[in-house]
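Two complexes follow with subunit A in common, the first pairing it with subunit B and the second with subunit C.
Moving on to the complex of A and B:
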């Protein structure tokens, strides 16, 4: 009897593994396989070779795009984590009504179309955009500023703006879960507001911070649409490169190799984030 | 006197939680604030600690008004009801939090923390996290974390309510000893009257945001100043009566059970004709076993129930003259119906005039 029961359980877990396998592992495996193929006369040659990876490693242009992308993602992650903390800390412990309105204000942009958000930032930064027209009408500048758009800085700004909810929300949600008793205890023991922040609030909201940094980094490193729409000729990133390989350049094997590289970067970020999210005191209790 | 609350009122959204409460805390004493849930005990502690702000009145520490000082600048420390230990810090870091915040150097801090942990019998536990400790151990960490700052007053909010009965007894003894040896003033909150009596130098009985009575445990127990205190401080037998006459040292009462005599306590302000409630503790009611009882305060009663409680037994008495009136009697050891029981289970119960207390029949 028990043999049949465990047989059924086994079948169920096998099914779960199979679904996961088909939906996630299989596509990744296909990518991995493709990354070892080659293009010849606009045909994919299914012969195993390391040529794509060799090209990636040796060509300084690709290396610089890779480094540039990592650096961009790190900058965006850092800026947004700091801004996310400032906003979340300002939202913390507000009156109930205001509280709800603030969460809504942060969460609603998540529901908007990605492209619309990008165009919104683009319209703000453009030559005829809100920023330029405001500055001109105030007489601060005579000519509209052209350097606001279509470069790496524009990519950075747009990524920061579009991804900001992903840092505010996780930080805010963990911050709200810190028991007010602990804050009272710290104050009772003589801690100033700054000391309360660094000794109680920040360490206890670390899992949320880890979540925020991981999400932001992964999105920023992999995005192709923002560099495509506001990056201009200089704003080249790994995501955009992959996009061109699968589109314009029509070199799927090389695109696949780039994608594998991105997956490795992403997984590394997730693993590091996971470690940060589970500090020592929590691991010990488990 | 180290701390004085002077007509302190606390209002939470139009709801008056404390009403013109005045209270003096003496240096080095173990003062217990005792009251039912919702009577405002926690609020009093929070006002003293600075976690909440009072609406009106004054809070005087050594004569200076500290009512507007933030919590971090008051020389008091709190042991919270749920301990409020920092989960992300080791026991040692929890205990050393106060001195560390104030910038004590590492070496002094280490030896101070070690000493503090020894003091609460937690030597060698410094590297653990709070989640790895038992309730009683967390309790002691919270106490050490407060005491290490050498506060003028330690405020304890029902620190024992989460512990089981045996541990509770041990912690009562431990806390009491810790207070004695440190000489620090303790303001301790509980809703458990036995705990209050066992631990305190003085008890402040609270109800509905007011102080009902402030005094030594014996005063509170034997000389309650009103109905609330007499009924809250353990079991009591009550009887409505009218003051008939007052002598130098005795009060003659007229009641459904006949004329009774009560010892006149100095604080009584009754006049003849006043309606009072006579209270006699169950352990003060005696049964006339040998027939040699005095002539005063004799009550003929019937035993309607008996319960064996281990060290003693509880007999429930009913009276032919007063229906619905029941008194409880504690008899030591022997739970058999006493030999004094005559026909139909009748007994004669009596109490000494000095073993009863009178409180006004009206009022709380």
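Moving on to the complex of A and C:
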């Protein structure tokens, strides 16, 4: 392609870039700039400094929230990827009618209102929730279990339940695209179900697995509604810390710096996910 | 069955129970009372739904949500269609890459980042928090999905159709109006419906931009913070029922369309 573009092409390119620049890039740039400002007497002081980042790095309280959030997101990602694989594998190679019903069975919880899903899980886990009252009335426990709600465990459980469709669906959809003749060939050659899984299905469904882990991790690391609604005082996460800075704490510049940290974590996860999606033997062929 | 198969089947069962049981409990509790873990089957009533219908406040909030969703889906389809048409009209590859990178940014970043960056930017330009700000926010949030729906259709269009139209003497506008637009109209509708559904449920970005107004998810969020009531259960049940019905119809439509589109490709 030559380096010379017609005036029309140039105008069209400029228009497309301008629309997105105003709508998407400019707000992000303004947000990034704010992370270098600071707060004085509830006014934003527009003087460039690394003070917010220095505070982040030096204050052990923020460090521990950051580590806690990463650990939480990794746990949720691991649990859901394993469960997602098990469910997707169980759904795979079913009869046509059942096939549609199964996809629908995963799609409905996926499409369901986010807040309502949290509400439902919270009701289920709460002291007056169904799990506790059932256990009490069955005589399994005497007192309602308080530890089910308003702590980090509740955040972990709720994240796992709410995010589960995001790991089942991508894995299942790539499993479906694995050519059945490859599986049949392996079976004809005498491979056991375990061998078929590890040598054929798992490597070929890596892109879906990468998609599932990335989606789950990014969501779990950045979410604040679930920690806010089921976490109580102990279930504090990075997302919640950021949200506080824009509400009660009212320190937008510091909140912006915290959010930049979240962006860095997110982009790292996305890049790692893309490398996982294309294992080395595929990259060399490309 | 080997023991391992039992374990795998058990995990699958638990996964589906975890996804459905809490939601079903909410639906159940909107019709019945529960006392000490036992559902009181004789307590069946529509009282919670009647209370919901009588709640004028919630009706207003629902109206806000629908207005925002309608505006955001129209705007996002318009913006995404312009972008897709520009991208499809032989732009330099580097510009296409840049445009698609920018479109997908809000899709990749956590919604909290999109929310607070719009909040900060809107304050810089003097756009007050409220329903208009939320609408713009929703356009940004759904743009990636809407754009990819439309561009996929445009890329699947055969270039020979456009060439044939030009050969027959049509000018650029006529080719667009009579050849390209009819072929992309169903993608525009699908993208619009998708945007509407996503906007209706958007919570995080909305929470940053809504100010003193409210939308349905925001009202649910604040009701949840206060506590649990029969009215909230009833509202949740309606949303659950609506989502299920929409999912079944959308699934049917998609599956019926698939073989047809497969032949075209």
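By our rule, the second predicted complex is superposed on the first by the 276 of 286 C-alpha atoms of A that agree within 3 Å, B and C clash if a C-alpha of one lies under 4 Å from a C-alpha of the other, contacts with A are read in each partner's own complex, and residues count from 1 in each chain.
Quick note on the criterion: contacts are C-beta pairs under 8 Å (C-beta built on N, C-alpha and C of every residue); 3 or more make two chains touch, one makes a residue touch a chain.
Quick caveat, the model's predicted, so the values are computed rather than measured.
Trainee: A:47 in the overlay: touching subunit B, subunit C, both, or neither? Say first, second, both or neither.
Mentor: neither
Trainee: Quick one: classify A:117 as touching subunit B (first), subunit C (second), both or neither.
Mentor: After superposition on chain A, A:117 lies in contact with subunit C alone.
Trainee: Counting only touches as set out at the top, which of subunit B and subunit C does A:249 meet: first, second, both, neither?
Mentor: Neither partner.
Trainee: Between subunit B and subunit C, point out the one touching more subunit A residues.
Mentor: Of subunit B and subunit C, more residues of subunit A lie in contact with C.
Trainee: For A:18, decide between first (touching subunit B), second (touching subunit C), both and neither.
Mentor: neither
Trainee: Counting only touches as set out at the top, which of subunit B and subunit C does A:67 meet: first, second, both, neither?
Mentor: After superposing on A, A:67 lies clear of both subunit B and subunit C.
Trainee: Where does A:31 make contact in the superposed view: on subunit B (first), on subunit C (second), on both, or on neither?
Mentor: So A:31 only meets subunit C here.
Trainee: Where does A:203 make contact in the superposed view: on subunit B (first), on subunit C (second), on both, or on neither?
Mentor: First partner only.
Trainee: For A:185 in the superposed arrangement: first (subunit B), second (subunit C), both or neither?
Mentor: First partner only, subunit B.
Trainee: Would you mind listing the overlap between the subunit B footprint and the subunit C footprint on subunit A?
Mentor: none
Trainee: Along subunit C, where are the residues that touch subunit A in the complex?
Mentor: By the definition above, subunit C touches subunit A via 8-9, 11-12, 15-16, 18-23, 25-26, 29, 34, 36-38, 79, 82-83, 86-87, 89-93, 95, 98-99, 102-103, 105-106, 108-114, 116-121, 124, 136, 139-140, 143, 197, 201, 203-204, 208, 217, 220-221, 224-225, 228, 232, 236, 239-240, 243-244, 246-248, 251, 255.
Trainee: Provide the residue numbers of subunit A that touch subunit B in the complex, in ascending order.
Mentor: Per the touch definition, subunit A meets subunit B at residues 179, 181-182, 184-192, 195, 199-200, 203-204, 279, 281, 284-285.
Trainee: For the complex, give me every residue of subunit A touching subunit C.
Mentor: 1, 5, 9, 12-13, 15-17, 19-21, 23-28, 30-31, 34, 83, 86-87, 89-90, 100, 103-109, 111-124, 126, 130, 132-138, 160-161, 164-165, 168, 218-219, 221-225, 229, 239, 242-243, 246, 252, 255-256, 259, 262-263, 266-267, 270
Trainee: With touch defined as at the start, can you tell me which subunit B residues reach subunit A in the complex?
Mentor: Subunit B residues touching subunit A: 49-51, 70-73, 76-78, 80, 82, 84-90, 97-98, 101-102, 129, 131-132, 145, 149.
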